[in-house]
Amino acid sequence: MEFGFSAAEQAFADEVRAFLRDNPLDRFPLDGMDAGYGSGAHSRAFMKALGERGWISMCWPESFGGRAEPMFFKLVLFEELALAGAPFGPLAGSWQTADAIIDYGTERLRREVLPAIARGEATFWQGYSEPDAGSDLLALKTEARRDDDHYVIRGHKIWSSHAGIATHGLVFTRTSREARRSRGFSMFVVPNGTPGMDIRPIRSLTGGVYHYEVFLDDVRVPVELMLGPEGEGFQALLNGLDSDRFWGRFYKAPALERVLRRLVDHANATGASADAGLRRRLAAMAAELAALRVLFYRAACLLRDGAPITYETAVAKIYADETGQKLARLGMDLLGPWAPLRPGSHEARVDGEISHAYLTSLGHTIAGGTAEVLRTTVAVRGLGLPAEPRKA
Amino acid sequence: MEFGFSAAEQAFADEVRAFLRDNPLDRFPLDGMDAGYGSGAHSRAFMKALGERGWISMCWPESFGGRAEPMFFKLVLFEELALAGAPFGPLAGSWQTADAIIDYGTERLRREVLPAIARGEATFWQGYSEPDAGSDLLALKTEARRDDDHYVIRGHKIWSSHAGIATHGLVFTRTSREARRSRGFSMFVVPNGTPGMDIRPIRSLTGGVYHYEVFLDDVRVPVELMLGPEGEGFQALLNGLDSDRFWGRFYKAPALERVLRRLVDHANATGASADAGLRRRLAAMAAELAALRVLFYRAACLLRDGAPITYETAVAKIYADETGQKLARLGMDLLGPWAPLRPGSHEARVDGEISHAYLTSLGHTIAGGTAEVLRTTVAVRGLGLPAEPRKA
Amino acid sequence: MDFRPSSAQQLLVSTAREFLKKHCPPERAQQIALDSRGFDETLWGRMAELGWQGLLIPPDLGGSGGSLLDVIVLVEEMGRASTPGPFVPSAVVATALLLAAGSADHKKRLLPAMATGETIVSVALDDAGNTLVLDARGRLRGRALFVESAHVAHALIVAADAGDDRRVVLLPADRRGVERRPLDAIGPEKLFEVACDGVSVVAEEWLEPATARRVALQAGALARTAEMVGAAQRVLELAVEHAKTRVQGGRPIGGHQAIQHACADLVRDVDASRGLLYAAAWRASEGAAPAADVAMAKAYASEACLAVARRGHQIFGAIGYCEEHPLHLLHKRILAASVDCGDLATHLEQIARAIGLRA
Amino acid sequence: MDFRPSSAQQLLVSTAREFLKKHCPPERAQQIALDSRGFDETLWGRMAELGWQGLLIPPDLGGSGGSLLDVIVLVEEMGRASTPGPFVPSAVVATALLLAAGSADHKKRLLPAMATGETIVSVALDDAGNTLVLDARGRLRGRALFVESAHVAHALIVAADAGDDRRVVLLPADRRGVERRPLDAIGPEKLFEVACDGVSVVAEEWLEPATARRVALQAGALARTAEMVGAAQRVLELAVEHAKTRVQGGRPIGGHQAIQHACADLVRDVDASRGLLYAAAWRASEGAAPAADVAMAKAYASEACLAVARRGHQIFGAIGYCEEHPLHLLHKRILAASVDCGDLATHLEQIARAIGLRA
């Protein structure tokens, strides 16, 4: 066993911290809201700055323009950015898309899209969910029909994060009706602005916009923009699920750590730190965040080593989301009458961050697989308990 | 709306308190352990003292030797006894059995058993559960075969509280194999000591004995000891279920109130009361106990008024049991290193009551319908949610 | 003991439910919540026509002389419908306070106009963030926070330090030196900082401070609890309906234990909160509510109703996260009510003292 | 970063599991737990033959020089098997303490015999209930509580007040004036009050107090955490097995969401507890464990593993309530471990200071 960081990892962490010191965050304009997952807000400018440092492509093979750094460099970068509250919102999506393009993208995707990702210019939205296919992706209805060297996509996607401010959609479609249940699905990389694509914001309970719905009305997409072999999209999605869950929540522990530090500062400033009960609640949260980090690092090692994963990322995701909710509740309790004040309000404490965290955290145990669905996954896939009968 | 007690109820409460003052509890020898439900330990001597006051039969019709007092007198008695920590363990069972005998008992049961109940001499165990019929009573296997003017009972009962120290068993049996699923069940009042009955203690995790298993090896019971019409036992049981749940847990709120008071005294004595967090936990428990009491009084009013009950007693029972567990945990936290000491141990705090409460409370969310089964009942019967499919 | 509302209360509830369904449907409540002024004069006027603002006020002062318990069941309906407006501060807290601690002149001057809805009074009695000081020359300086609907109030009742004493004063909202600065909360409530820069106050504007604060806290805490209970009840209804009708994987989601058991907990939380509320309000109406009863009702409901709202979100899934869905407004109303008139910690400390915990 | 135990650790674990399955099956653990002496010399001797008591002790003193992390994975197996006996106080806490804070003479005199299992040393370092005072003339008076297995110990290491200072002294358990009075706990642990009535202590029996207490607390807290993690792991295994095989209403209970989701939480609690434990133990073995790491591991495991035990009871239903079922012994072991070497409140306060909360 070995729980420390290597010298190279520590040196890289120092490099990131130096970058953050030299580049105060208020220099980077924001394009979209922080949804509380830990990845901060959406900022194209910040993504470009990361691209300039070569940090977006650092783990890619050299043949694709990368430096072939070990995967843990990505964790180090995430940790430092999340601890600082940096607006790196699109980064995980960029990395995941790039990996898919490197693994099985067409020549055109590699040539056109990959360099744009590396520069921090191309960012992505996921067109997976549909109004009647929430946690059950197989029920999706969006179709892509082959027409010569194009596909024509028709359907309706919803809950697509940052769709209105990203550059491309990853649109999951049905390309064959005949095939059996889990086959016949294909993924496309569709540039925003393609004719027939209508992206509409969904205003959330925070008053801000994070999700969009996307209407696809005979959107014509060249076959070279299909990602992966036709009909095998679902399997690819499933194979990537654990990795998606991991990269979609890894940064939550350090991001919550940052919030906890702010609450500690606030408690010290107001004298609330003398309250024995509050001390214990904050201390217990610190232990929970440490535990959360351990669960993610364990999953990281499994992913790094290519070891089998049955429940480890699902457990980490559930726990990340529920811990975030718990911390937000603690923050609300700590603020008392100040709790409901919004970011920007006169007299808001902790910059109104906590009310925002409280509201956004409500969505986290729903998005990307509800806590209920994931607990069932842990029990059935991880522990071998019998599955529930599917139909009444 | 009206949330106070009537003058008569208040006067009766005073009478009970005077009785408890005049009869210190250490005068009454105990026969069996306190299982933490709130009804105290089993004491024949105390039951007889209650009988002498006429309090066991006080709500029976005058024609059965009672005084026809309103049902709320029973609640008042329970509250005062539970607050005092009195050993009235068998009382709820005696009341429920007496009511059944008054409603549909044979002449012989009314003549022989009822007066013995009134005197506090007859007490009862329930022979419902069987090894393979836990929360699913319909799966029971104990059979009663008619043989002239007797029934011959053969089977195996388990988890029968106080069976070894009570005077009679209420033995639930299958009297017909042919009848449809919920019919063909009958109940018998079987005197302990009837030949063929073998009652064996089950030692529990506390080290004490509360439950017994009972082997019935061709136990011959006169037909006059059948309680209710043959074959209708299950419906009778179902009809009585809400009432059973109510009377089996009503006294838990005042009993927990007593424990809370002891914890407050202990916190004051040790100085732990200055700890802000502990103050809030104890205060929140006080509010929960008040809430628990409200749920039970609401159910009591429905029972009194003969109003329909779908989920109200189930909710109250779940909450009573879970609140008891929560209070025990709080007590264990408060005692710290002293928590594991047993009643009677040198240096035990709060007389070792808390460790006993902690252990016994583990069984409460299981006995009399698990919290899971009851939550499903609340959802399906109370809220009209669809039932789960019964078979895989 | 009897848990059933009187027939008059039943009528009040059914009338209110019908009225609010028509005049304050969820879309309208949402619209007003998003509006920065957030005050619907027409609705306020119609409520006054039904006699709601005068419910607590005795007949000789233009009201109908209802009990605090009557007002509580009405406010519960308002919580259920996410009804916006200054009803709680003006028609409950300020009204109860003036009745208990106002002079005959205060009452005569204000209460009849409050009963008709013409006059709105808001209150600034919370200690949190209050720095108001009344000096020996009758000048008020400092600020109070979290004053609801101050922008539409004609008068304000504020608490201030006055040396050894605590004063409660009633003053016109437009008096020179009074400034009302908006705070921005996530919920529909319109909160203000009321800043006073040497505002003149005369002795006739003083109210009996101990009674004023006690009565205001009691009425306010009960009314806020009623809002929470009403809102939580609505979450329960919506969640159960959703669980029955939303189909996933071939079955309604309410056919799964995870959702069933969550719904069972909603019922417990709502029922127990309501029971404690009614019992405390009944005792208060009988003139005999120990402070701990009110504190228990509010502390319990704060935890329980927020849990209901959060579970509601989990049951609803993504759709409950949208601004146009009614859920979040109910949730935010519960949140706002939970911290007004004493937050959880404040009420728990009151209970702690009542159960005999030594400091 | 690497979560995999070394091959030596894997071997240690598999040997221990095999050995304990054979020599300390659940029935035997239960038997010893119910016995009032509760010490199995034969088992203790066999463990010593395997070198367990000497694992922490350097080769030149008769041990095998393992790391604290090695001991932790071994103790985890003991927790899993509900292994009784004074392993933690003697072979972990007292051993680590003597190595760090004992004189050369102490080490030479005690450690080789401790490695062979012949000598057992128990510790009384907890402040809770400790009234021991060492006066200027070297007399020890007062008592310490919760001293585990004092009845079979040959020597005791006790903390006492000595005016301004705190002393830690090592003395033979049978010295005149030392009395060991049994406490009766619900769990299998055999606890004692150690009362001293003017017991003579000489300066050669002093140990360096600050180091002694720090090292003992660290080693003890980690070992107790390991017991909890091992016991919780066993609860998880048993519960999952039960959920798969127990049929109710025509289906295994593990086919219902309520049980499935409870099992999912068991996994989280066990995995996270173990992760924190190993990370803290690894840092301690590297000589660099901040106190907060150990406190976090123990505080977290105390809550999480107790939750595992309680959920285990709910999954098992009635059968888990019987004395003959292995569940309660695992539960009681977790309970005992959770309050020894610092209870939850103690460790949380340590974390509170570490994260910068001002007092």
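Which chain is which? They are A, B, C and D, in the order written, and residues in each are numbered from 1.
Convention: a residue touches a chain if its C-beta (ideal position, glycine included) is under 8 Å from a C-beta of that chain, and two chains touch if they have at least 3 such contacts.
Because the structure is a prediction, the values reported are computed rather than measured.
Taking the CA centroid of subunit C as reference, the farthest chain centroid is that of D.
Looking at A-D alongside A-C, one finds more C-beta pairs in contact between the chains of A-D.
The mean-CA centres of subunit A and subunit B are about 52 angstrom from one another, to the nearest whole unit. Per-chain Cα centroids separate subunit A from subunit C by 39 Å. Chain contacts: subunit D has residues 251, 255-259, 261, 345 touching two or more partner chains. Counting partner chains per residue, subunit B shows two or more touched chains at residues 279-280, 372, 375, 386, 388-389, 391-392. Of all residues in subunit D, those touching subunit C in their complex are 256-258, 261. Subunit C meets subunit B in the complex at residues 1-6, 9, 69, 240, 243-244, 251-252, 254-257, 259-261, 263-265, 267-268, 271-273, 275-276, 278-279, 282-283, 286, 292-293, 295-296, 299-300, 303-304, 345, 348-352, 354-359.
Residue ranges on subunit B touching subunit C, taken from their complex, read 1-5, 72, 260-261, 264, 267-268, 273-274, 279-280, 282-284, 286-288, 290-292, 294-295, 297-298, 300-301, 311-312, 315, 318-319, 372, 374-376, 378-380, 382-389. Put simply, subunit B touches subunit A in their complex at residues 275-281, 386, 389, 391-392.
Within the complex formed with subunit A, the subunit C residues making contact are 34, 126, 128-129, 145-146, 181-187, 189, 191, 193, 248-251, 255-256, 258-259, 310, 313-314, 317-318, 320-325, 327-328, 331-332, 335-336, 339-340, 343-346.
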